[in-house]
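What follows is a group of structures, each given as structure tokens.
In what follows, subunit A forms one complex with subunit B and a second complex with subunit C.
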Partner chain A sequence: MTSIIQTESLSRRYGRTEAVRDLTLSVPEGSIFAFVGPNGAGKTTTIKTVMNILEPTSGRATVLGIDSRRLSPAEFRQIGYVSENQEMPGWMTIRELLNYCAPFYPTWDPAFAEDLRRRLDLPLNRRIRDFSRGMRMKAALLSSLAYRPKLLVLDEPFAGLDALVRDEFIQGILELAEQSQWSVFISSHDIDEVERLADWIGVISEGRLYLAEPVAALVGRFRSIEATFEGEATMPRPLPERWLAPEVAGHTLRAIDAKAGEAGGEDRVREVLRGAARVEMSPMSLKAIFMALARTFRSASRAEGDR
Partner chain B sequence: MLPFSVSFKPGLSVHEQVAYAVKKACVTGQLRPGDAFPSVRSLSQELRINPNTAHKVVGTLVAEGLLEVRPGIGTFVSRAPAATRGQRRTLLHEEIERLVVEARKLSLDLQEVIDAVRDQWERLDR
Partner chain C sequence: MTAGAVHLAWKDVRQHRAWLGAFLAIAALRALLIGSGIDAYITNPNLLASLGFTYLLLCILHFALVVVVAVQVVQADRLVGTTAFWLTRPVPRRSLLAAKLATVSIVLVVVPVVFDALVLATNRMAWLDVLGAVAEGALIRLAIVLPVMTLAAITSDLAVFVVAAVAAFFGTLALEAVFQWGHMVVWSVDGVPARNWSSAYSATLVDAAVIIACAVIALAYQVFTRRTTRTVLIVIGGVTVAALVANRWTSDLGLMKTGLQAGWLDPSRIVVTMKPLAPENVSTTNRKRPWLIRASYIVTGTTANVALVPLSVTTETLFGDGSREPFRAEVQQRVWDMLPSPPAFLRKDLVEALLVGTHLVNAVEFRPGQQMRPIASLTEEGHRKLVYLGAQFTVEVALGGIAYHVGAVLPLEGHGSGAAGDRRVSIQSATCEIGACDVVLRDAMAGFLVDLRRPSRVEYILVNQTRGQAVWSAERDYFSRYPVFGRASFALLGEHLAVTRRALMFKAPDSMPDMIDARWLQEASIAALEVRDIGAFTVEAKVVQEGRK
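Let's turn to the complex of A and B:
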């Protein structure tokens, strides 16, 4: 399995702040990799370093097999990049923007570009400065997809977009689906849409990589647990390390088990909760998993700050 | 537009949910033998799912004999093959055993289960 993006102990510091710390990440070629984390976690810094907009303080990043610091037009011609605050020439129309970009990319496909433009519902002749945010982001996507890049990098593309535009954006990304050798690296602090789309997920918090695994594996192992006790619900002692957010109220205990879906996981839960009258375990959406993790990060960081 | 629909439940395998939706569509007649089946790209875009998953679904359904690929032409719903003895056995023993175990765990009685089965059966006829 080759990596289309690879970082090795990547670190990036601004003054005394370490925005990214010792990040080692592999994005498999041909995957849609969702890079999620709370605001300020280091997602944009990571992407900017990978795209050689910033240099690493230490460690390195490799894209399409080349060190990020040595990326040249030959590689950039195969990468599509849409950032959250994409700057585009306001005085240009879509027609002018596409005509301007096309000569830089040998793989530019004008028929595909036109088809995409229609699907994204973008007018040919209105100036970009008159566009809404949603239209701007779609225009940025259009100009990045038209040359069928091998790697599409999207930094917080859904921020500030309404639901319909988010959906159109996703459909736009999937236009490349029949192409072989096509990878997407998408960062987001919101993962509603990403659940069905991503096959890999990486979670970053406070500059550190918390996990990176296939979505199916992550969603497959997490379970939301609800146990009912005859008497007052009590926390098991010791509390399993793989549990998040355990709570008791009245006869009910709730917890999230990060490994219940693995082999033997459910038996382990029933063993720990053998005093309960009833135990129910249910799968969780990616969003619910991420929310639970994000809360853990926040309380860990608060505890750190209070010390 | 796809000739069948999928209602996604979060947290469950996308692959399984789509494969199941196709099987159901074959049973209800939304998909008939010989019908053209959507391309991987269509599936991916219409359902907003990862194209690798869409590809896997097609692979699974081809392996199970529900779909057939005609090279150079496309993917089609198979002419209905008679269920193999293995498939019948799997359904009648394994799946039904699973149903009965779950039902008894929830203290349902036999009549409730039979009524529910009849209900579902008739719903697919409509």
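Let's turn to the complex of A and C:
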């Protein structure tokens, strides 16, 4: 598996604040990688470091096999970047934007750009500064797709977009993804936004990457457990390391097992809960998994901070 | 410049076309106003005042737009922060740098300099002078524009830029203060005790070159690395170097021999020779003091409109016993200092002597057993008295030269106009009461046509030909920043509009309050002298004469 983005022990500090800590990540080529985490988790800092907008404090990142600090116009011709934080030349119309961007990209496809513009429903002669937020994001997407980049980096592209625009946006990306063999690295704080898109997921919290794996594998191995006991439910000791968010309420014990979906995983759960009258294990949605993971990681971080 | 840089530059031009258009319009209007000489034909003082104010406004707008355009162009592709559009686009940084430099240089430097060159050319300025002015204009403008660009590169928007500019200004002053305490700066250049760009041509060149180089380095560093803190350090280093090198190399870059216009004195052509009196003239010796022998010297090579002022006299006397006695007398006088302090009455003959030709003669008297001492005197004979006792003299005279241009004598009546010095002077009004009169002159001098490599000043003399009386009025010194190359500079372009109107007051002395009245004024004329210090030079002379007891 070739990595289109790879980081090795990447760290970035802002003064005393460590926004990204020792982050090692690999984004497989051809994947749509969702990089999710709560607000302030370090997603944007990671992306900016990867894109050479920021310099890493330590560690390194490679994009398209090149050290991020040495990214040159040759690499940027293969990378599309859309971010909620990116300034757009508001004085330009869409026509002017396309005319301005086209000469930078040898692979710029005017017909494709026009097709995209129609699909994204962007008026040709209105100034970008007069656009709504959603339209500005679509304009950024248009100017980042028209040259068929090998890698598309989307940093919180859906923030503040209404459902309709978001759907159009996602639809556009999905359609294009089917047409082109490209890689998409998309960050979001809301798993709902990327659930339809992603085939890989990475979860970051407080600057640390907690997992990165294919969505199918993640969903496949996580199970929510609900065990009913005849008497008062008790927490098994020792608590399995793979369990998240265990809780006991009356006769019921609930937990999430991160490996129950693996071969033999359900048997291991039943073994732990052998005193239970009934054990139910059900697959989880990506959102439920993310929420559980986010809560767990945040608790762990706080506990570490308290120490 | 690559195609990419041209593409980026064209984007900047289109983005800021309104600002650029405004700037070019102001620059063109300013050049037109200066070049047209329109003020020469306006006699209404109110209109003239309005014109002067308009010119001032244009100058302020011109400078403000230089700053705004430079800042806008640089910050269009922000070099600080992490949100700029270009950061994630295949924009080569060298193209970005080239585009910014080209856009700003062409619009803010080349075009205005071309405008100014056209103004100079249409005023029949010699092409060499135009080239010199173009070189200086480009140099000075770059030395202003590039630091502005650098500051813009390390700030995010115009508001932050303004704050940074104020901080930079006070920071530079603080740095200067530190250097002054440490005696690290050079203050006096060519006798001018002010430390600024006007103190020496080469000082301007060196400082401008240092500023330009440091600004380009800092700007390039910021474009290529976006490490703002380090760029700020480079800027501080540049300011430090510029402050330290200022005025350390001072020499005239222009050609002095072509720097003086026809009629002005060329110091290199002055020859002072001293020769002993012929033996037949010995009888002129003071019989009571037979050891006093009169020696004459001849001043040649001067023009009529020059006053030579002895600054010092150095003599060495070789006595018969082989002993030597050196002596140096500092005279340090200027011909104008010897005249009554203006405003004052002058005798007609003095005025005439001044206007026709003045030879200042210094007398040195030497008596046995006493030191030689200079006697300052103003005669028209050109004699030097020397006393010696069978000794040989070597005399070295340091002379200061003051030259002047005499303007036409303009009658006050009829609001006459004419050339006075290099100025186009016209009389706006002249009113008189007993003891004093007010004369308002319009000075429509095309300032750039004047060679101002030396400080000059204008002296106005109100002359009543019939009565043989005159009143002297000293105008303010006419100091402008010296041109760096050659004789002309764009800084002088606006002078004639900036000093359009001069109000002079001629006052009778207290002892003769009724000398000036309306009738006196009716017959009066006004003459202008442009007085210029042409510098100091040294001449040597030898006098060998057998002494007699």
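Note that the second predicted complex is superposed on the first by the 296 of 307 C-alpha atoms of A that agree within 3 Å, B and C clash if a C-alpha of one lies under 4 Å from a C-alpha of the other, contacts with A are read in each partner's own complex, and residues count from 1 in each chain.
Criterion: contacts are C-beta pairs under 8 Å (C-beta built on N, C-alpha and C of every residue); 3 or more make two chains touch, one makes a residue touch a chain.
Computed from a predicted structure; not experimentally measured.
*Asks:* With the two complexes overlaid on their shared chain, look at subunit A and say whether subunit B and subunit C clash or fit.
*Replies:* fit
*Asks:* Output check: A:C101 vs subunit B and subunit C. Expected answer is one of first, second, both, neither. What do you get?
*Replies:* Once the two structures are laid over each other on A, A:C101 reaches subunit C alone.
*Asks:* Name the contact category of A:Q86: first (subunit B only), second (subunit C only), both, or neither.
*Replies:* Second partner only, subunit C.
*Asks:* Once the shared chain is lined up, is A:K287 touching subunit B (first), subunit C (second), both, or neither of them?
*Replies:* Touch status of A:K287: first partner only.
*Asks:* A:G30 in the overlay: touching subunit B, subunit C, both, or neither? Say first, second, both or neither.
*Replies:* It touches subunit B, and subunit C stays clear.
*Asks:* Figure out whether A:F76 sits in contact with subunit B (first) or subunit C (second), or with both, or with neither.
*Replies:* After superposition on chain A, A:F76 lies in contact with subunit C alone.
*Asks:* Check whether A:I53 is in contact with subunit B, with subunit C, with both or with neither, and answer first, second, both or neither.
*Replies:* second
*Asks:* By how many Å are the closest C-alpha atoms of subunit B and subunit C apart after the superposition?
*Replies:* Subunit B and subunit C, overlaid via chain A, are at closest 25 Å apart by C-alpha.
*Asks:* Touching residues of subunit B toward subunit A in the complex: what are they?
*Replies:* Where subunit B meets subunit A, its residues are 8, 10-15, 39-41, 44-45, 47-54.
*Asks:* Give the list of subunit A residues in touch with subunit C in this complex.
*Replies:* My answer: residues 48, 51-54, 72-77, 79, 81, 83, 85-89, 91, 96, 100-101, 103-105, 153.
*Asks:* Which positions of subunit C touch subunit A when the two form their complex?
*Replies:* 3-4, 7, 11, 14-15, 78, 82-85, 87-92
*Asks:* Could you please specify the touching residues of subunit A with respect to subunit B in the complex?
*Replies:* Checking each residue of subunit A against subunit B gives 30-32, 167, 170-171, 174-175, 177-178, 193, 195-199, 216, 219-220, 282-288.
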